[in-house]
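Each of the next two complexes has chain A plus one other chain: chain B in the first, chain C in the second.
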Partner chain A sequence: MNPDRARKVSTTIGGGLTLVFLVVAAVGPLVYPVDPNAQSLIHALAPPGPDYPLGADQFGRDILARVLHGARFSAGIAVAIVVLSLATGIALTGCALWTGGVVSATLTLVADAVYALPGMLVVLMVAGVMGGGAITLVLLLWFVKWPEYYRLSHATGRFVVSSDHVLASRLAGAGPLRIFRLQILPTMAPYLLSIGSLSVGQTVLSIATLGFLGIGIAPPQAEWGAMINDLRGYWQLAPVQLAAPTVAIVWIVLGLLVLSQGLSERKARLDDAFS
Partner chain B sequence: MTRFLDASNLVVRAGGLLLDIPHLRFEQGRTHCLIGKSGSGKSLLAWAVAGLRASDLDIDGEVTLDGAKPPGPLWQDEIFLLPQEPAIALDPTMPVGKQIAEILRWRRATNCAWPDVEALAREVGLTRADLAKLPAELSGGMQQRAMIAMALAVRSSFVIADEPTKGLDTPNKARVIALFQQIQASGRGLIVITHDLGVARALADTISVVDDGRIVEHGPAKSVLRDPQSSAARTLIESEPAQWSFGARTAPSAASPVVDLSRVAFGYSATHPLLEIDALDIGRGEIVGLFGPSGVGKSTLGDLCLRLRAPRSGTVRWHGAPAGRQIVKRHRAKFQKLFQNPITAFPPNLSLKTVFKELTPAARQAAPALAGLLSRLGLRDDLLDRRPDQLSGGELQRFAIARTLVGQPDFIVCDEPSSRLDMSVQRQAIDLITDYVKDRAAAALLISHDIEILRKRADRIYELTDRGRLLSLDSEADGPS
Partner chain C sequence: MIWRSSIARSLLLALLVALLVATFCFWVAHTLPGDLALRVAAGRYPGVQPNQALADVVRQAYGLDRPIFVQYAEWLGQVVRLDFGNSLITGRPVLTDVIPYLHNSLRIVVWGFLAALCLAVPIGFLCGRAPNSRLDLVLTALSATLSTIPTFLLGIFLVQFFIVDRGLGSLSGLSGFARLWLPILTIAIALAGPLSRVVRNAVADVRAQPFMVHALMRGVPERRLFLRHGVRNALLPILNYLPVVFLFLIYDVIVIETVFNYRGVGWALIEAVKARDIPVMQCLVIMLVVFYLVATAVTEAITRLLYRQDERR
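Presenting the complex of A and B:
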């Protein structure tokens, strides 16, 4: 398949999967207004049927409602984390590129030091000690993720900042913020978009992992990882209930992965344009 | 037996018509030069003859060798194409010796040995040590010689060279020309595409002048160069520096210079300074020429004058005051530079309008001044809506000049303006700047590796030696004073 077509196909498929997911996360709980935390022990592990479209868990909670609320929770948190880290990385890159010298070296050193930490372990440890909650989770994952964006944007921006056209604008007296916004950011954007979309998927996976381990998310919050952990003991009795959150995770992670693939092909084309 | 390469009814389109050649014949053992200004379609013609098909081009017509069609899409061993920009054509990750060996093995003898490569390299003047280097570690001239070694390795009947001396300084250009004479002596047909008439003069038996995708003049080299019939050929010949008239001279004035450097040293290590400038001053209305081979630090000296780089020791003064942080901040807009390559001097993603509106404060403050300047430079308003890749090199050059001049600078560094574009564009750029300098009593440092340009336009000339020192060449400036 020619690369142009491959790019279009992966952007369309990935974008489609992601879009469907986001729409479901946004309006799903409104269209299907069932309380995800309402227990009904007589319906524990009820199979899929008219009352429970995807069955019920061991406490008789509606799986469909929990998957939908879990989507909202995971998507919201993952996007928040990625946007925060992206903004941090870009802002610090701006500082580093503009000041250069000691500030740049220090920022790079700090970023490398944080990057060198085993991120998941740090999150596990701190969340394990401090207890969970959505805010803690966002802050912790933001802390371990921003250096990725800093390193990426710094590495691409460094070359642009010493290019003739940036120098020409500096000579013309253009302000640093304008130069950054108009000349440097557009060259970094395709890389950041591609890595960013991949990273939302990874973050969803991280949240699910933490949920599965019972860290970071306070019950009864509907969360896919926690749901899988709850139901894995009943896999013979409730296969559909177990499959639902699993499929949801695969759906969004795969969608973002393919989308990122398409965006990075776009990036390669932009590279040509910018060389 | 002499072989003939014929191109018939060659038409290249990409949207509009780019090239239309009813018939053109090349003869083995003779050298045919295609000359013309940038963007006239010379390179397209070379590509079409060599059988290269770019995906967005629509190529029609027939190319035959002794009446026979090519064996495949390409000519294999019959035609060797030396592409423009050897730096891009060479594999950046492989030592050049290995790359030459590959060509030898594929195209001449599968069992060739390393000594064969070395012998070939000696012919083009590359040492054994050079062969072990990556392309990026070689100068532009050496990269071009490595490409020529490959052309020699292939026993093709024709060699097509696309702008083989682009961006090379005088000594390197002379070497490349000498090597092409060697290719001529080997009995191959040589097709050279160039905008440098010096190359055509040294090599050509016949010349075709290409303009707007058509051949407007064709004939023996001597008669075309001596007695051009078409206006395109006349423009080319007139824009050669040797044909330029002398510019007005300004005598050094006693008033304080616009820029002066005293005891300035620059280098990346304290013990090995790259530049040591005892004194350099440029006064009002003065154009100082800076001459020197590639890579000696001419641009760096320009950047030091502009305080884009800080000297390791010594003082740079602007209007008599040491150019410290405060002075630089206050006068930045008055000390400008015209970049070597207008294409890289504009952000590729922005329209010219955005560049002037958002990124050039002087143009924002004086919109009528900019409009006047653009119309004086012959730039229509609607061109402002385009991005750099939608403009020709000459148009972009004029926009670069507009951006440099709109703030009415006191001092301009012209760093080999447009030396990669054709001479008419170069002349235009240099003349616009020198006229401005003389009219406004500004000052300029004109950097070039072409001494002829400096003789015609500079009031004083310095040579920057390969030891990083300035040498006055004023006794050589033999213009009318």
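Presenting the complex of A and C:
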């Protein structure tokens, strides 16, 4: 397959998977308005049927409703984290490129130190001890993730700053904000888009792993990793119930991986155009 | 600027990371709701019912009423001397509790890492030798799919498939082949995915280098060419990637030990976090971070030694 077509195919497939997922996460709980936390012990581990489309868990809670609400929870948190860290990384890059010198060197050193931190270990410890909740998770993962974007945008932006079109724009009287918006940001965008979409998937995985370990999520909250941990003892009795959150995780992470692959090949063509 | 020089910069970074993690450990202990003195009292005097009077005595004796920065400095001093205090659960010194966990973890980590190398290097080499061949596409797709499956799902699946359904292995005890082979295999599979892709790209890149193509065209046998010139050049990106592998190793060990109920460092960390056993948790987190920093530093030193001439040029 030629690379150009491969790129289109993977962007389409990945984008499609992601789009379907996001729509389901956004509208699903409205179309299927069943309380994900309503227990009914006589229906514990009920097989899939008219009352429970995907069966019920060991407390008789509706699996479909829990998967849908879990999608909303995970996707919402992951997107919030990535958008926040992306914005932080880009803004700090702007500061570093504009001021240069000591500020730039110090920012880079701090970013490198936080980047070298075993981030999930810190998240696990703090969220685990503090009891967690969505806000804590977002703040912690934001702190851990921003250096990734800072490093990337700084690395690409540094070269653009010294290029001729930036100089021309400066001579034409453009201010730093305008130069950043019109000259520097467009060059970084493809890289950041590709890494960002991959990173949303990674964040979903991290949240699921934390949920599985029983950390960072308050119990009644429907969350995929926690659902899998609850149901893993009932493999034979409740295969569909266990499969549902599993498929959901693999769906979104695979979709975002394929999408970022397609976007990063666009980046590769951009590299060719520049060299 | 001094932190531009790379060895000084690496050391400074390692120091900063260690300090950051230690600060997090200290901060977590102090922002936890409830009276810190009461918890310390329970830890230092096991068997005594903790009460307000005892808490006040402990507050005086351990200086918990002093400014927080003084306490922080003192705590750092104790950590450097490996004095982590007593476990709040067992009442024993933290290190005596933790050493056996470390021993158990090392057993599966070392073998798991070696097994991952044994899987990843041949697979990556086969793919990189013929990039975009059918074999390469199939194996790359496989490792990409594998990397979307979180480690805990992989572990659960393998436990079900081998131990519960087929009885090949056991989930109790701490040693023996039956107990250890599956956790080791899980670590190996989890790490082999990303590692094999790095090996593949390194081999493919080296193969496409002009000097390699030139030598091939002059008729140098491929095997000799690769062994004499290729390996050295392909090794650099792989060595550079190893710190990331160590990081994955830490995360995977935490998850896998929980899935397999294996009493190692990762399992103990999750237990300590859930039980709010702060001293044990601090010790384990700092230990894991030090392991990561030392492993990274050793890799960096090896890289420097191997490629010393290149740097001087």
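The working rule: the second predicted complex is superposed on the first by the 271 of 275 C-alpha atoms of A that agree within 3 Å, B and C clash if a C-alpha of one lies under 4 Å from a C-alpha of the other, contacts with A are read in each partner's own complex, and residues count from 1 in each chain.
Please note the rule applied: contacts are C-beta pairs under 8 Å (C-beta built on N, C-alpha and C of every residue); 3 or more make two chains touch, one makes a residue touch a chain.
Keep in mind that what you see is a predicted model, and the values were worked out from it rather than measured.
Colleague: Answer with first, second, both or neither: which of chain B and chain C does A:A6 touch in the superposed model?
Modeller: Neither chain B nor chain C is touched by A:A6.
Colleague: After lining up the shared chain so the two structures overlap, which partner does A:G225 touch, if you call chain B first and chain C second: first, second, both or neither?
Modeller: second
Colleague: Regarding the shared-chain residue A:L182, is it in contact with chain B (first), chain C (second), both, or neither?
Modeller: first
Colleague: Now for A:T209: first (chain B), second (chain C), both, or neither, which partner does it touch?
Modeller: second
Colleague: Once the structures are superposed on A, label A:A174 by its partner contacts, choosing first (chain B), second (chain C), both or neither.
Modeller: First partner only, chain B.
Colleague: State whether A:D112 touches chain B only (first), chain C only (second), both chains, or neither.
Modeller: The answer is second: A:D112 touches chain C but not chain B.
Colleague: If we overlay the two complexes on their shared chain A, which of chain B and chain C does A:V126 touch? Say first, second, both or neither.
Modeller: second
Colleague: With both structures placed on chain A, which of the two partners, chain B or chain C, ends up touching more residues of chain A?
Modeller: Counted on chain A, the partner with more touching residues turns out to be C.
Colleague: Touching chain B in one complex and chain C in the other: list those residues of chain A.
Modeller: In chain A, no position sits in both the chain B and chain C interfaces.
Colleague: Which residues of chain B touch chain A once you look at their complex with the stated criterion?
Modeller: Residues 306, 308, 332-333, 335-337, 339, 341, 344-350, 354-355, 358-362, 389, 400, 403, 407.
Colleague: Touching residues of chain A toward chain B in the complex: what are they?
Modeller: Interface residues on the chain A side: 163-169, 171-174, 178-179, 182-183, 186-187, 273-274.
Colleague: Which positions of chain A touch chain C when the two form their complex?
Modeller: For chain A paired with chain C, touching residues are 102, 105, 109, 112-114, 116-118, 120-122, 124-126, 128-130, 201, 205, 208-209, 212-215, 225, 228-229, 232, 235, 246, 249-250, 253-254, 257.
Colleague: What residues on chain C touch chain A, complex-wise?
Modeller: My answer: residues 1, 3-4, 9, 12-14, 16-17, 20-21, 24-25, 28, 31-32, 144-145, 147-153, 156, 160, 164, 247, 250-251, 254-255, 258, 269-270, 273-274, 276, 278, 281, 285, 288-289, 292, 296.
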